[in-house]
Each structure stands twice: as structure tokens, then as C-alpha cells.
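Below are structures written as C-alpha cells.
Two complexes come next, and they have one chain in common, chain A, joined by chain B in the first and chain C in the second.
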Partner chain A sequence: MSDDPVDDDGTPDNTSGDTRDDDPEASAASGQRRTARVRDRLERRVLAALALGTLGVLLVVFYYPVATVLVESVVVDGVVTLGVFVELLRDPFYFGDLARVFAGENPLTVARDFLGPDRRIGIIGFTAYQAALSTLVSVALGVPLAYLLARFEFRGRRTLRSLTILPFVLPSIMVAVGFVATFGRTGTLNSVLGALGLPPVELMFTLEAILIAHAFYNAPLVARVTTAAWESVDASAIETARSLGAGPLRAFYDVVAPQVYPAVLMGAALTFVFTFGTFPIVLALGGFQLATVEVFIYRLVRDLNYAEAAALAVVELVISLAVLFAYLRYEAKHTVQSGGVRPLPRKPLVPPVNTVREWLPRAGLGVYAVVASFVFIAPIASMILASVTGGDGALTLEHYRFLLDRQETGAAFQVRPWPAIRNSLVFAAASALVALPMGVVIAVVTTREYLGRKLVGTLAMAPFAVSGILVGLGLLRGLVFGVEIGGWRIAIAGSAAIVAAHAVSGYPFVVRTVAPGLESLDRSLIESARALGASRSRVVRDIELPLVWPGVVAGAAFAVAISMGEFTSTIVLATGADAYTMPIAIERFIGRRLGPATAMGVVLLVVTAISFVVIERLGGDYSGL
Partner chain B sequence: MINGSNADDGTHSRREFIALGGAAGVTGLAGCSAEPVDDTNGEGSGNGDENGVVGDGDDDRVLTVGTFGSFVDAPSISPGEWLKDEFESRYDAELQYATPDNELNYYVERAASGAQMDADLYVGVNTEDLVQIDEAYDGDLFVSDLEVDGDEEIRDGLRFDPFGRTVPYDTGYVSLVYDSTETEAPETFEGLLEEEHRGDLIAQNPGSSTTGLRFVLHTVHRFGDEGEYDYLDFWADLQENDVRVTDAWDAAYTSWSEGEAPMVVSYSTDQVFASQDGADLDQHQIRFLNDEAYATPSGMALFEDAENPELARQFMSFMLEPDVQGEIVERNVSFPATETAELPADYDELAHEPDVPVTFDYDELQGSMEGWVSEWERQLAGN
Partner chain C sequence: MDSNGDDLSTTARNRAHAPGPDAPVAVELAGVAKRYDGAVAVEDVNLEIREGEFFTLVGPSGCGKTTTLRLIAGFETATEGTVRFGGRDVSGLPPEDRDVGVVFQNYALFPHMTVGENVAYGLNFADPPGGVTREERVAELLELVDLPGTADRDPDSLSGGQRQRVAMARAIAPGPDLLLLDEPMSALDAQLRERLRVQIRTIQRELGITTVYVTHDQEEALAISDRVAVMRGGTPDQVAPPRTVYREPDSRFVAEFVGDNNVFSGTAVDAAGSTGNDVLAVDIDGETLRVATGPGADGTGRGDEPNPDSGDRVTFCVRPEHLEIDRSSNAVRATVESAEFLGETTRVHLDWDGTPLVVRTRDPLTGTVAVGFHPDDAHVIDVERL
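For the complex of A and B:
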């Protein structure tokens, strides 16, 4: 990474020696400066080239393909029209009472009805409602984990931190299996409640089940970004505050909290966007009565009704981007300049002294651990158990034997486990290598000062916000079937396209983990370094990179995880069974019994877990945040 | 060669990617292809398609079969491998499968984009597919009035396309599967509404699941879509009685297996699998409501621009041969399409057929199906 020209300052020219080039007494120094200037210019060029490359990849594997589908919402039978949107906006099924406003009713009347008992929020209203609740639950379950990981030292802390990535890669059907076994009528939770003499809870097919499942996926996300921010709080700032007479709570509110808030909010914004756009888990655990927008996009695409599907996707996209935009505005206003990288010392889990103040937070973490073991650990444990349970309920290794058997005897057109594992690893590594420069460049570009940068920043987040179903369809049309250029049909598929698509899905994470670091960089540090004669690349290497490095590594981890878990684009772009990945193998192994699929799911879990533990061990103390 | 040779190569350095300036710059990377657009005679295909099919020199005897993934790849039901080996040895031909994730819609998209079909026939077309395609796509995807040797043996009532585009190769029934150690399933649809069956049934979303769609269609067949008490009224009552509706069959079946509810909408062949697994058959009972079950014939159809239509017809005849029918039925866990199928002796004991198979034909579904489903959605998911 060290050769990445992270040029953070947006001012047109800050090289202090420029005006004195012709001073004869300083010719030697001037020669040095000239080299420095050439180097600066070169670095700018590289930056520009990287930015162009990023734009190119985005255009080819994202914006163009997606545009081929979205355009169907405004071009129907070759005629440009807004009719589809008008009809959609006026449909109470989607927009609830708001549709009446769009249809021209008096907003006041509608507002009065809305406050009454017969209010309708519509599918879109409900989708936003469940996403908002999911976000709250995810934050509530994510922040304590971040507190634990950032502030305490205990055996296995780093391993635990790397394992928090696991939920990310799990296909929804695996999560559904785990959740039914944990929260179902006869599940683990009810057994425990029964043993304690408490009445059973009915969680399946309720909103609560969806919220917990969404937290399963997203609380670790909140935890990871928050941990990263918490760990980069500079200890000396707190010491200064304390020495000026602030109590520990006061120091927390004034120094720590302002640096942690933006990360929590970022996790929250991303959680909202993800839960606004997901659907398999909603239907598997909540049932159709709790269907979200994406469910209908899926059905409309399946029915080949692209106009309405695209229009709905545009609505979904606009709402998601608005949330991201709002977050970026907040982030820009609330970044705290940080100048050091000496992290706070971690506390032991067993308090050194027996005081209430030492025990209280630890007791809170104890309660949290109980909750977390049900939300995160029990479902995964149930998945593993399901992979060794036969049709008759007895323990068996037959599902793993199926995997071995398929590996040995599977035909060329079938999915075999080992190539799937190998492809997953190769694609993950390659796409992280592509996503990193893309993300860093976009982070640099969007943290410079210019009008509309937040808009650019928001658009760069679009891969998070566009309906996955439409991305898949767009890739099929735009890349796989190809484009006619000058009498030739150019088509792209296969490994390179998969890697590019994974990088596009993952790079926004890199942007979001790197940008706050860049934003909060203390400019005076850079300026003094430059004034003292440090070259631009030296500043990058010695000052900027160390400060944003935790963010870079965190982003890389997300990029790898996204690639490991990606399904939609991979299946579309794969050139055959030899380009399939683990999630595809899982899907293909779903039969009447889920055994073989869960066995493959456990393989995915183990491979991912090992990868992340290894990444962390190799990455040193700064990594794995 | 488009993608065969490079398919494994995922390790391009990032520089290669960064060098891409636009669409033109991408050409030449692994997985890129360029072929002349006006390839009218269809000969230029040393090109593979996106699903692993790579032609070799001798195209005459290469048959490409488009189908759904589980036909070739699922652990429990996949006759694909056996059919390939058998067909290749009997007909001195090479059979390749293409299993795009979007299934038949993939080919509709292909046709609509003007790309070559790269498959000769599709295995796994049903009535609902045809209705949907005809609604959305103006061109002709399949050859009409298709006749193949042996199709006179097809059982009565299985031919479902008035335009003769499909040759049925097997059929099945959507029915209730229930755990008789937990409850005794009702005999009739109305029985599902009784208090003792509150929260007992798991069904699927007709918009995303074929079993779900067939079950909703069955209720339309039973109650009609107008009048005093139509299928929506029935579903309103079913909702009152806490029916669960998941997106896909597998999620429903998982919840059912875990004891979340004792009845699930599934297939009437359930016991075949259950006995293979050594499960207790009392927990896998079949119920045909009102002695009916919705029939689900599956067919094969020949693509309009097939490169080897003759070989494709031979394949279809092959699929109807008595011993092949027997294998399909056993491996796909379904019921035969022909009168002459050679079935395993104990097949009847575990695979159940209803007294009254019901189904909507093409003409009945056309123009109505989409409305039925979307009305159903609006009722069940209204917020």
C-alpha cells in the first residue's frame, strides 16, 4: 500500500519552496525541490490514473449494467414516460397514505387520517420501519461488543475480533436454518426458558425474528467500525482532559464520544441501507405478511415486468442514497481532528480493584454476553449441529461424506467443493486487491474540499444501495449478453468479471473505513512535515498511511468478506461449474434435506474463519480492526 | 475461445484492472468475447456460453440442454448425470448442460437482447412459464406444433400447451405434507380454517416459489376469483387462522422439519425421500384436500434457433422411452409422462397420486394468473 499516492490536501498548491526556485544560494536545495516537484506531479498523475481506472471499472461492471435495467422505468415500449412512476407513487399498496398526497389530495386531510387508527404506511413505509428498528437493534447489540473489543484485554480478543466478520459471509438459508433451530418453538431458547421455568416465546414469523436476524448480520458491522474508531482515540487527548480536571465521564463525553459517534452512525446508516434492501431472511423468518420492497422487485423481475420493478428499485435507491447522503453530511461536520496514534490502554476483564465503578461496566458486559450468545453463537452452533444430523435425527457424517463423494465423482458440469473453496479464496484475495486502490482513491477524492463532494461520495456508495436483483439482471444484459459495438458483440464473463464485480461490491467499505481517517487527519501535521522538507510520498508513508492504516485494513477485511459471501453477481458471471464459489455450492447442494448444504455452509464458515484469523496474525497489531 | 481456457484464472494483478479505461479496454481480458453480430447461419460457434458450455469442432453431434440447476446438481434429485451418460452412449452424441440461475427467464432475456441462444432445447418448462413468457416477450422462443417419436404414449391430460410447444416428460402434485404425530390434517380446504389447525400450515409465496404458486392456483380452482366467497376470502380466513407464508419451499420445509408447524405445502412424493433418509413415515403423511391435488407437468421445448434441432428431437424421444421414463421418475422423484413407463415395483407405495388431479390449462391462466397473484400479494402484505 505504501506507494499509494494518498494526497489529502485539496489546496491547489502547498509546496512551500516553489517561489524561490531561482535563488542561486539554494541551488542544491532547489534541485532537490525540483525532484520533489516532479515527484509530486507524478504522484498526482498516478492518482488521476487510479481515479480514472476506478471510474472505468465502475462504469463497466456497475453503472452501465444497472442503467440498462433502470432505464426501463422511464422508457416503456420505446417511449419516454414518467407514467410508471406516477402510477407507483399513487399506489397506496406501496406508499400508504402518502400515495393520496401524490394523487393530489390535501396533505392536511391525509395527515389527519394518518394519525388516526386506519393509517396505511404501505410496503415502502413498512420496509423503512423495519429497517429503522433493525438499525436500532443492531446498534444496541453492536456497540457493547465494540466496547468490549476496544477497551478490554483478554485471551482470544483478537481472534474474537476477527471472527466478528463471520455473519457477513453466511447465506440467508444457513441463517434461517440456525434461527429456526435457535428461536423456533422447539428451539434452544425455548428449551432454556423451559428449564428455567419460564413460559416459551413464539418468535418465528414475527417482526422480532427479522430484527434479530438483521442484527445477526449487521451488529458485527457496527461493532467493527466502532471498534476501529474507538481504538484510534488518542490516549494523550484524554490525559490532557483529565489533567485539566475533567472526570472520567466528562473526558469520555468530550474526547472519546465525539470520535466514536460518527463510526456508530456510519454503522447505523449502512445497516439501514442493507436492511432496507434485503429480503430472503425476511421471508424465511418473518413470512410474506412482513414482505419488504425487495420481495416485490424480485417477483416483478421474475414475471419479466421490468418497468415496475425498475421503478420500485429507483425508489428504493433514492431512499437509501438519501440516508447515506445525510450521513456523509453529518460525518463532514462532526469529524474530530486527531493527531496521534497512541491508543488507550486496555483494561483487564477481571477488575484490579473491587469497586462499583470497576464492576458495573463488566457486569453489563456479562449480561450482554448472555444475549449475544443467543443472537450470534447459538444460530451458528445450530448450523454446525444441523450439518451433522441425519434425516432420522441421529448424529452422522453423511453430509460431509456427500461433499467428499461429490469431490471425487462429481461430473464436470456439477459443483465440486474444492474448486469452490479455491475460487472463493482466489476471488476474495484478488477482489480485495482491486477494491483497496479503488476505495482509497475514492476516499481521497471525496475528502477534498469542493462543491458537491458529498454528492460524489454518495454516488460512490451506490453499489450498497442498488437492488441486488437488478444488479444481477444488469450484469446479465450488459456484460454476459454483451454490447454491440461496430458490428461485433462484446461480452464479458468469467473470473475477471467476477473479481471486478466483487471489488465493486466491496470497495465502498474501503471508502467508508478510510475516509473518516483522512477527514480527521490533522492538516497541521502534514504541513509541518512538508515545511520541514519531507517529500509528498514520505508524508504519505510516515504520517497519513499510519493514521488511516487501521481503516485500510478494516476495509480490506470487509472486501474479502463481501467477496466470500457474494452470490448474485457470481452466479450470473460464472462461466460454468469451474468458476463457482462456496455460496453457489451451498445453493446447489440444497436438496430436500438441507444437510449437504449446511455441511458446505460449515466449510464456508471454517474457511472464512481461518482466513480472517490468518489475515489478522499476519497483519500485526494495527490490523483486523 | 471465450472463456474455457481462462475460467480458472482469477489472479490478475490490480494493474490490469486499473488499466481499464472503458468498455474497449476490457476486451482481451479473461472471459471476454467478441463475435460478429450477423452470424446468421449459426456456424461461428467455437464459442461457449456463460454456463460452461464450450463447443468443440464437431458441432453436429453436440446437444446443449438448458435446464434448472437441481436437474443436474442437487444431492437428492438430479437425473441429469444418468441421462447424459445414457444419451451419449445410445446416440453417439455429446450432451452438455447449461443451468443459468435465472432458468428460463435467462433465455427470454437472451432472445430479447438479440444474443444467440446457445442451447438447443430447454428441459423444465411448465404452463405458468409459458403464460408468463408469452405475456412479456413478443417473439417466438420455441418451435410450435412440436412432434417427436413416441409422444403418442403421453398420458391424457398432460399436454399443457395449446400451441404444441412442449413435450411433457414427467409430472408431480403439490399437496400437503403433515406430521401425523402432531396433528391429523383436515380432509378439506375448509378444514384448514378450523381452530384446531390455527398456525398449523406453512405455505409459500406464489411470487417466488412454484409450490406456493400452485397452491394458490389450487385455491383459485377451488373457490374461484369472483362471487360471494372467492379464493381471496378463503385466504383472508386462512390468514385469520395464522397461516405462515415463506418465500421458498426450502425455508418452509426447514421450518416444518423443525416442528414450527405440523403441515406444509410440498410434494406428494415426500415419502420417497423420507424413506431414503430412514425417517419415520408417520411424520411424513400426505393429504390431498378434497381428494384433489394440483398437477404440475414439466415439459421440454425446442428453441426456435436451435443449432441441432434433429438431435434435440432425438433427445426428447429418448426422454419418453419406457426405461428412461422409469429412471427419470425415480431420480427426479416424480410421476411418468407416458403410459409405457417402466416403474420400480414399490413406487406406488410411497409416491401418492390424488383421485382428482386439478390444474389450470394455458388458456385459463393466460390473462388471469398475474392478477390472481398480485391480488393475493396485496391482500396478504397490505400495510
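For the complex of A and C:
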């Protein structure tokens, strides 16, 4: 702020000469101006203070813990060394034949061997391989859904569209239980096959089951981003192409495809990163036979081999970030800005005329619907069905009774349902209370214009890309085991660390739901209110908050749901503690007793759904996701 | 053709409601400049807006008119200079303490409030003027803008023109000292715009409220204002009543921006006085045209340029409606290029040896015609001494 010429009432340096000591009105005005200035400054300070507070929380619960992991991987017995990494890189167990290249062998020899029959791809190779396949399957299942949602009009289209956000909030361990109930030896699939007189299939602990489960999670994501891009294609652009002589296919290829393709690629890149860091699904469906990097890090943590776990986590992070970075570079170059004023008209599901050209795409969608209902509906339905089916195939409530018995008679070391439910609810509420203000502040800070805004945005959204194991491990090693600062040992309880980890995984969703509302907020609304006499803080209360409220509510619902389903960092932090949550309870049951695991899964589903609906009642808007 | 005397009296007659030049100054901008990271938005702005005046800032996009309005409203702080309201420096005052009403181009109605709540919003911070209740004030204003009984409706359910009027009512409700309108009609269709500008003008006169209006539409500016500031490159080029701006533009820019015009440049071949008292002969590429220079630099408005000497470079303009076809003297021969039929008149584009001319006629023209003007109908914009 530049210096105001009028600093005090009627000081001689006031060159305007309008403010005189004997003019009460003028000196009142000057006083008013001074208070207004002070107020303006205070209000700016408040935002700065909130931003600093948020940064502090992020530093303590995210950057510091992650940094301790990084340090742990390069400091062995107090000596800085890259030894752990070098060993890791040269270990064929992790890197397969590539490790021989790192060990100094001729790349050509290695490449020749790699093409031979005894190639080894190692854990990292396998993780990348399954992620790539999962990405293909997800895109194959996601793009037809986007086509259906963007180009056709039918009853329930909007509902179906909003359902595509569900996988974000469905607890992954619950979905894994659903898949076990579907594909297990006595699962729904084999029952159906048996009823049809077909031989049973064994999909448990196979790559196929993992791929389908990954598609369950990521195909809706691909569909979501692709639909948004497809809907923003301007009809007049296609009409222009057609009028210039392009046929319908050519117009699609020249106008629609270039706008839709980057969105598909974005969905694919995100899917790859997510499935590269997959954990609960592989843990439940693949076991250690099909271990991915994340599962192996978990195993190393369980074996207290922290240095190697940390190094492996860093390698995983580098690969994930490299993929994301490559994608962002691509996006920056290829984003097509569309005017998008007039969307393409939607077609009815029943063709207006009986021609092959009208029927062919609809028939394709019909086939797709059958496959999709199997992938998306069967797991949840199977889980619910399995929870009420006994070993003899008859309907029973024995699994729920088992949970009640366990609650009453369970030993101290055994998992009991009520503490799991109670912990889940408490952690969810507490982490939402942390995540909401953090998310809102970051949304405000990242939607303002200033130098370095991009950097702030990237730093604030980094938790999106960092695996839960890494965060959990960092919190465990950094804060739960305690840090020494100036002779004081500071340690936080496992449950507090869980809340912190949940808040870290939840707040990016708050940012995503709140930011669009803030961004679309017309500056002239704020200016109008101020011209009408409202102070800056009053404008926040009267105008900005009511208008972004739906986003805040949606963010809260997400933060709660994410916390309830969070598994990866919770399982690291809940070791030994009795701070287990519903997903942890499911995991403890799943190995030995599928029935109670499915019953617990249904409990988790119901509790999550109720919480979501209760918050939803406050009026949420999810368009930002 | 009006003589100078007639000119002044018609102006005075048509501006019967306008505050005279001795009305107190409501808003003053003294040496105001606004720069963003070194880029100049406005510079060297010196304006005095009188109480009760309808004052318009007009200019092409990027000329700084909206920035000037935002500086008056307090949304921007001047990098240099002072903004005064009634002699009081308001430079440090935030917008909520300036007692201004603002109407934006997009109306900025609060979407989560009803029409009535929108209009009443400013009454949260100021008592309704005239000792009425909030409800009475809201009803009164909706009546004023011709939207009675709409208080319970959602802004979404209104048409563009209706929203614009609600925004007006909301801005006026707390009884501000100053009304600021930022292109409030540019999103509306032409017919509605013409109707609404009459309504805005009527309301402004009724309330006697000092109003600053921003528009890029010079026709609108001429139609609605007491005085107009034509802005260019961040600085007012000319500040004058509409008639003066139209008839006696101070610069080539104003001459060409406000309405159609024919601007000529040539060399003075006869010093003033030798061909008659007020008439100057100007040579343009071999053709000589005679131009009245007025009775000299005596402050009548026209002719405040110095009397040119022989050899000076003279720029003058003649409005299309003052160019006469088939004129025998003080004329040139030009070829018809194209014509636009506008209803009452036809705008004909001519070519005079590479110089484009524009003429208003009743009947369409073809071929080559003699086109000229009465020396009194020319206005000298600029004289460059050599």
C-alpha cells in the first residue's frame, strides 16, 4: 500500500487542504477512513494467518513425515549414503533384468536375455505391468460410458452421471471383499456358472481379478473426465466442419476426437498412477504372490525393515511423479480450449429410424451395459448376498450374529465391531474438522491471482499423488515414535496420527469441491456488496459463503467418506494400537472368515452411506470432482 | 445552418435540467493515474463532475473508462493523484464507506437472494432515506424502476432488462450520493437499450443524483448525457456537452470516434483575412476548399485554434449530413463506391482520388458526383505551424 497523504486529522502536510481542524465532518471522515484502513489490513492479515496455519498443519502432518522417510532412506546409522538405493536398483527381485543394467552389465546383452523365455521383470516391473493393463481395461470400460453419458438422453442419465463419483468414496477394502465374494471359489460367479452347468473358474489370486477390481475403481474416473470434455464440444464446430465438406466420421475425427482424446489420456494417466500405488485391492485379491510395490513396502514395514521400505517408497514416488509430470507436460501442450457455448444435442436411446447406422452404436452400448453391470454391480451385490448366506447356501444372519458375539465375548486382542465403528466415526468427524478449513483456505489461496500461485497449488495438492503407505510410514516414524526437539521428546498418539493422515487424504477433495465455486464467483458480486456498504468480512458471510456452501458441504461429505474408507495409512498406523477402524476390521476378518468380513463390509457401507446422506441433506454440489 | 449564437441557445434549451457550470463539484479527479506492473491503465485524468450531472465516460475498449469508474468507486486505488468527493479526499476510503451505488454490466444480482432481498441488501448498512421502513423502501424502488410486485421473485426468473432495473433499484436503495453505471446496457438488444436509456435518464433527473456512466457506444453517450468525456489511451481527450463534442471535436480522434465524419488535412494557401474575415482556403492535393475559421480565438468554442498563416497544415472535418451532392462551389468530384440504406437516410461511401468520403443522402447515388460543403459547416480541428 502506498502512503496515504492524510495520516492524521488536519496535519499541515495534508496538501489537499480540505481537512481542517475546525471542520468536524472532515475529521470524522478522516477517523472513519483510518478505521476502514485498519479493518482492511486486519482482514488481509486474517487470510494470511489462516494460510500460514494451514501450511503449518501440512508441514507437520505431511511434508515433515514424508521428509523423514526420505531421510531414512539415505541415512543409515547416522551416515549419509545412497547404498540402500544402489542395492535396491541392483536387486533383480525389485527391478528384474533391468537391475543387471544398473549393476553395470551391457544393456544389449540384457535386452537380448529379456526377449528370451527366462525374463524377470521384478516387483516394480510387475507393478507397472499390472498398472498398464489396469489402465487399458479402465479406458475400455470408461470411454463407452462417457459416450453414453455425453451423447444420449435417457431417464436416469443425471443420476448415472453422479454415480460415477461413487468409487471415490467406496472403501477399497470393502470393494475387495465384494470381489472375493464374487470371484471366490464359492463366489457368485461360480454359483451362476454352476447353475448354467458350466465348470467353475478360479479367479482368486489371479491378475484378472485385480484388473477387474481396478477397472471398478478407475473406469468411472475415466468416464467422468471424458464425459466432461465431450460435453464441452461445441456443436457449431462440428456443423462448421460438416458444412465445409467433412462427413460425420471425418468431423468426429477432426473436431470431437482432438477435444476428447486429451481427457481420455488424463483419465489414463491418473489411473496408471492410482493403480501403480494400489494397495488394499492387491493385498486382498492378490496376496503376496502378486505383490505390488506398495504391498511390499507394507511387508517391509511389518518386518521393521524401515530403511528398505523408505527407499522403496521413494522409488515408487519418483516413478508416480514422473508419470504425472510427463502427463502434465503433455497437457500443457495439447489442451484444446473450446468455446463450448452450444453442446451437442443428445440422441434418444431408441433410434428414431431403423437403420444400421442408428442401431449399431446402440447395440454396442447394450453389450457394454451387460459387461458393466457385471463389473460394477456384481461386487457390491455379491457382498451383500454373501453376508446373509451361510456355508450351505441358505439365507442366514449367522455372520451378523458372529459380529455381535465377538462384541460381547471377544478377547482383548481380537477385533470387535463396536470399537471399529466408534473409531471410524470419531476419526471421520475429527479429520473432517481438520480437512474442511484446510481445504477451504487452500481453495481460496489457489484461486487468487498472485505470483507463485502455481507452486502453492502444486505443493498443496501433492498429497493426492503420494501414497498412503508413505504418509503412514512417515507419521509412524516421524511423529508416533516421537521426535526430539531441544531435549524434549514430542510424540503423538496413534489415533491422532490417523486423524492427521485422514485429513491429509481428505482435504484435496475439499479443495476440489470448493474451488470451482470460488472461481466462478463473479467479482462484481463482491464489489456490488461492498459498494452497498458491506465490509470485506461481511461480504464473506453474506455473499461468498452462501454461494460456495454447496461445495463446502460436498467437501465435508467427501472428507468423512474418505476417512471412513481409508485403509492404506490406517493399517500402518493402527499396528498394535486398538485404534482400528472398520476397514481394518474387515481386513483382519477377510483372511479367515469371509462371512463376517462381508457382514462388516455391509456395516461399513451402511454407516458410510448414512453419514454421506446426512451431510448431503445440507445441500452438496459435486460438480468440481 | 445555425450561427454560433443559435447554437448556444439550442444547447441551453435542451439542457434545461442540466446543472450549470457553477453547480458545486461532486467528484473531482486531480492528476489521477493508475498503473499495473508498469502498464498504464489511466494517466493524467483531471475531471470535475458537478452535482446532479449525468456525466459519461465514452471511448473504445481499453481507453481506461472502466478503470476511471473503478477508481471513483474505490475498487482500485490510484497510483498517483487524488479523488475527491465534494472537496473531501477519499483516496484511502474503501468502497463500502463511499456512499456510491454501482451497477455492473452483468448486473451482479446476488443469485441466492430474491429480488427484494437484493434491493434491501444495502439497507443493512444504512437507514432507508426519508424515514420509511425497509419494506416500504424496497416497494418504492421497485415501483420507481417499473417492476412492482417482483420482490419475492428469483433474479433468475427475470429477463435481462428486468435484471438491469433491479440492479438500478438496488444501487439507489440506500440513497447514495453518487450513482456509477458501468456499461449497464451492453448485454441488451438495441431496442431495449434505447427504451431503458430513456428510463435511466428519467430516474436520474427525478432523483437529481450525480451519475457517472461508462459506455463504448458513442451514440448512447450523446443521447443520455449532460456532459461527455471522450477517453483515449487512458486520458480524456475532450470533456464537453454532447453537442459540442459532436460539432466541435477537439481532436481528430474525437472527430472520428463520435459519429461518422470526413476529416481532411491540407495546407493553408491564404492567410486569414485575405479571402474574407473568417474563411480560409486550404489546398488538398491541388484542390482548394474553403473553410470557415470562426471569428478567431475569442472563446466562442469554434475556432479556438489560432488563426493559421499561409503554409500551415490544417486539419478540419465536415459531417456527412453537411456534405451536399451536386454542389457547384467548394466541391470536388468523387465516385460512388457503395451505399447503405438506413431507413430515413442512405449512407453513401464515395472515393475522391483515393480519399474515402461518407455522405448522407435521401436518394441512392451512382456514378461520379460533385460533392462539397458550405465553409461554415466545416470545423477546424487542428492547425500545425510550420
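By definition in this document, the second predicted complex is superposed on the first by the 316 of 625 C-alpha atoms of A that agree within 3 Å, B and C clash if a C-alpha of one lies under 4 Å from a C-alpha of the other, contacts with A are read in each partner's own complex, and residues count from 1 in each chain.
Here is the rule we go by: a residue touches a chain if its C-beta (ideal position, glycine included) is under 8 Å from a C-beta of that chain, and two chains touch if they have at least 3 such contacts.
All values derive from a computational prediction rather than experimental measurement.
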First (chain B), second (chain C), both or neither touched by A:Ala381: neither
Which superposed partner A:Val76 touches (first chain B, second chain C, both, neither): neither
Partner chain in contact with A:Asp542 - chain B first, chain C second, else both or neither: second
Which of chain B and chain C A:Glu527 touches, first, second, both or neither: second
Larger contact residue set on chain A - chain B or chain C: B
Touched partner set for A:Ala103, first chain B, second chain C, both or neither: neither
Partner chain in contact with A:Leu283 - chain B first, chain C second, else both or neither: first
Contact residues of chain A, present in both the chain B and the chain C interface: none
Residue numbers on chain A that touch chain B, as the complex places them: 49-50, 52-54, 56-57, 59-60, 64, 93, 96, 120-123, 125-126, 173, 176-177, 180-181, 184-187, 204-205, 279-280, 283-284, 287-291, 295-296, 298-299, 302-305, 390-392, 402, 406, 411-415, 423, 426-427, 429-430, 433-434, 436-437, 473, 476-477, 480-485, 487-500, 503, 571-579, 587-596
Residue numbers on chain C that touch chain A, as the complex places them: 73-75, 77, 79, 82, 84, 87-98, 100-102, 104-106, 108, 110-112, 121-122, 124-126, 167, 170-171, 173-174, 180
Partner chain C, residues of chain A touching it in the complex: 1-2, 4-6, 16, 18-19, 26, 29, 32-33, 36-37, 39-40, 522, 524-525, 527-536, 542-543, 546-547
Residues of chain B touching chain A in the complex: 2-4, 6-14, 17-27, 29-38, 48, 50-53, 69-70, 72-77, 80-81, 84, 96-97, 99, 101-102, 105-106, 108-110, 113-115, 132-133, 135-137, 205, 207-208, 239, 244-248, 250-251, 253-255, 258-260, 273-274, 276-280, 370, 373, 377-378, 380-383
